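The next block holds one structure in the form of structure tokens; read it before the comments.
Chain naming follows the written order as A, B, C and D, and within any one chain the residues start at number 1.
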């Protein structure tokens, strides 16, 4: 099978106490581990592996790396070969390099983002267990996010200089990591510049996304909610916690998902994302958004893409 | 990748006009083809392949066969070998044996149900298209089902005589077709009789399910809806169309899905099923329902399993 | 203005501890007072008066009385005159006869149910307060019912003997208490027997309802929820608390409301009811349900009225 | 009873064809009448009186008048006396002055807005009828608005010059028309300037609202939807119709309502508003929003009040 899904994201924050309050009380995660360096590991209630977010103290917000889980340990060796054959250097971190995690294959995407693959992480079970489980736990908190769903990475897009790291990443993810392209935005006078790519390995519309911008960075990490109603409740929770909201509840054209964008206390953009949207499949026709309609692709209702949305990221 | 998802179900009906009215006006499908024998082919708006339901006129309701789509044509050859190696006879139907479909690998599950695999079906696109698509089509009808989601097959379970076709199917699907077991019900004094198995290939909680009963048959075919709200609207649509409802809106414990069970005019059970439920993954711990809690597994709210629910099927 | 809305219901229970657990953990009320006789008074979070449910220990379940609040203390005197002029005896209980309540006008409806009117009850405010209130309180529990919404009283209906306490109550409520008839069911060969009446004083579809049966009793007390989604969550809460559910989530034809019927531990039927339904107004045409369609009036989806639904009450 | 509810609003539009397309295809109204002057009358499916919106062609957008319905024809005489006793001139228009409407009492609010009361308008029934009605009609269109719900009028607020037409209107509506104040915003260094007032006659949180600004005008007319889910669908409908959206789906702190603000083709602001919010009652404690929290009162999630929201109106 190869890559199964997103495994975790390592996020830089500037105030650990405020950040914990945010990821625990707003997103609804639980702290499961703190390492010797003070990095804090958190887990959503519906995840069965040990953690999906690592918060590290830093002078500047952003993402250290994002990691995806592969099905078998041997997949790491095969991906190592394929990544290197593609011309990208790799490093195999030994078991224990990250707590509760087996071997890690580490490399940089063409866009420069650090990317990791691993096959083993301690399985602790979801908060409802595996025997006669309730559909949700009694102690669900905050927005009650089910799981870390995907990340959107900003990639350098500089057509005049022939630089398109969106397209470069898309090619790499397709050819080497067997991701499928679900949706893309094509811009430029000839509509031949891939300015955004939404890619999947699960049957959900995106497990990772790349959007073009002036420099590489993290646009957002996204957490899954069940329904549009839970989006409303999440907005209420954000209001109660005085969270800075970027874009109020609306629907995406791309993925059809229901969404709120907001910021953690360090300025890292988060998303609560709801709904299956559609059944992503290798043979589903790739959706293309044209330049005049990208606003509606991002925010379907207004069709307006606020400048801050593509300009502000960490 | 192998098997991707459910492709179509061929259903026996006793009154074609009434059946078409049902699948079109209630489920919300469109008729896309009628063949020389009078079989009618229908498609949901969010499916991109030509059809997912075939209605054939018969004296008795039930399912002729269910078919799953594999990723590559060559997968059919490899599955042929694996199925035969397992000791099950196969037949390879040539392209065109079914309209708009390529080669078909045909065989019977251990439970005796006819099962088909195919790699190619004419791709006609979803009703919203692939360029700047709206999230739903203007002419959505009835319950507006997105797609045929899964089927539940009743399998002979006769422990005193050592017959358990649920377990037999589960083993076959796992070992030969690479399905994953998501949830199961274990019954009997030693809780070692697998009386139900819910299996997946996509990331949704089930793409096929097997439940034990006195004889083989079709329990239901299920159609996907977005949300609990759409379940309410589907119930309203059923009321307006005087559809016979089996079980009013409720939640499943198993899969967490939101559901209505109802009957087509020939007595074939249908389901509208909403919600992703959870992210099904090969490494997600298998959920087990114990005998005392199966009622709540099926119908979470009441915890009561009406006798008719397991006794009546086609 | 006269009568404003339902004020409280006094309910007989046979196990106080189990009942408190039910009304607190399932309905989501808070205990606000226990009197010297051990009667317990509870309040919903969105009510501003001191209490809306009184639980009294008894050998048998049922309702002691239901009370409605009038706008002005002087209204009590005017209603006393009107009720007595109608030929019904009244009693004016002095302030303090019930804790935190002013004068009470007490009498029996034509159906024999004890009915009370009062103008004053200690106002303690909603749980979100009156200054910059959040839309819901942080400590919302269980189903999080907003308020006691209405009651449905079973009234003797015995047409062969010329007894129709539904019609008698309807006439009394209209002529004396200025209630408006919103919906009714008309049965019998000439469709001239009023077998059910849904009446309002607020702009919601019903503040009290009367349904015909073999003897007087309480069919249910109903608690308001916001939405169909909250109905799903309420069903989940009931499942977690092993509440006996009478009718799983569905929609009423009458009132259009979304509903679950269930029982408190003593067998008193409760309802969670969601949605405004429609704007009830004095000039809105009265809705009539005919005998052949009453099933759909009660349970719109299935159209089936379980015998237990009209046969079992306290 | 006196005033029952909002009856209709007469709106100025600059392009009748575009406006009709908007109110029919987006709001979901039906045209029921066109008079000799070309004014067009429209009705929502869940209203039983003949019309609730009148579109008149003009050079400039805005509201001609808003009208509320009283219970009895004689109420008009009594209100005429009370309004004149308050020092406001009135005019009694004869039956037929407006099509399908009886006598009309016409006067200006202290804020200068033209206000009308009437007791009779031809009753044509809702689109689902009064006998065994479905909960919604088969031909529901667009957002499927149930009814014209309320209007918000901008009133001159100029504290340095001692002008506060919000407070003036609030006093008049309370003392003369028996409206109740549900919520208010108090601003200024002493928090004694009533900058907004939300008033009701039905049991819904507001039937009319007044907000202070530089000049009198119409801020919006609002249409009722059932639920947060219908708000999502309304947003989708607006996207499909390229409607200019002012504020994407969110929740109000004031009234707790779920909302989208958007513009008709002439720039008149519309709202789709969902949910009962809470039970408005004469004895419910008045809610007060303080100046620092008004943003959250208007848009609860972000807490941000866009300048355009109070600055732009017709």
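Here, a residue touches a chain if its C-beta (ideal position, glycine included) is under 8 Å from a C-beta of that chain, and two chains touch if they have at least 3 such contacts.
Given the structure is predicted, the values throughout are model-derived calculations rather than measurements.
K.L.:
Among A-B, A-C or C-D, which pair gives essentially the same interface as B-D, with more than half of the residue-number contact pairs in common?
P.N.:
Repeat of the B-D interface: A-C.
K.L.:
Pick the pair with more C-beta contacts: A-C or B-C?
P.N.:
B-C
K.L.:
Would you kindly tell me how far, in whole Å, the mean C-alpha position of chain D lies from that of chain C?
P.N.:
It comes to 31 Å between the two C-alpha centres.
K.L.:
Rounded to the nearest whole Å, what is the centre-to-centre distance of chain B and chain C, using the mean of the C-alpha atoms as each centre?
P.N.:
Chain B and chain C have C-alpha centres separated by 43 Å.
K.L.:
Taking each chain's centre as the mean of its CA atoms, how far is chain A from chain C in angstrom?
P.N.:
The answer is 49 Å.
K.L.:
Among the residues of chain A, which ones contact at least 2 other chains?
P.N.:
Residues 134-135, 227-229, 236, 239, 251, 253, 296, 300.
K.L.:
Hey, which residues of chain A end up touching chain B in the complex?
P.N.:
1, 4-5, 46, 48-49, 69, 71, 123, 125-126, 130-135, 146-147, 202-204, 224, 226-229, 251, 253, 256, 275-276, 278-279, 281-290, 293, 296-297, 300
K.L.:
What residues on chain C touch chain B, complex-wise?
P.N.:
228-229, 232, 235-236, 238-239, 242, 245, 247-251, 253, 258, 260, 296, 299-303
K.L.:
Would you tell me which residues of chain D are touching chain B in their complex?
P.N.:
Going by the criterion above, the answer is residues 134-136, 138, 227, 229, 236, 239-240.
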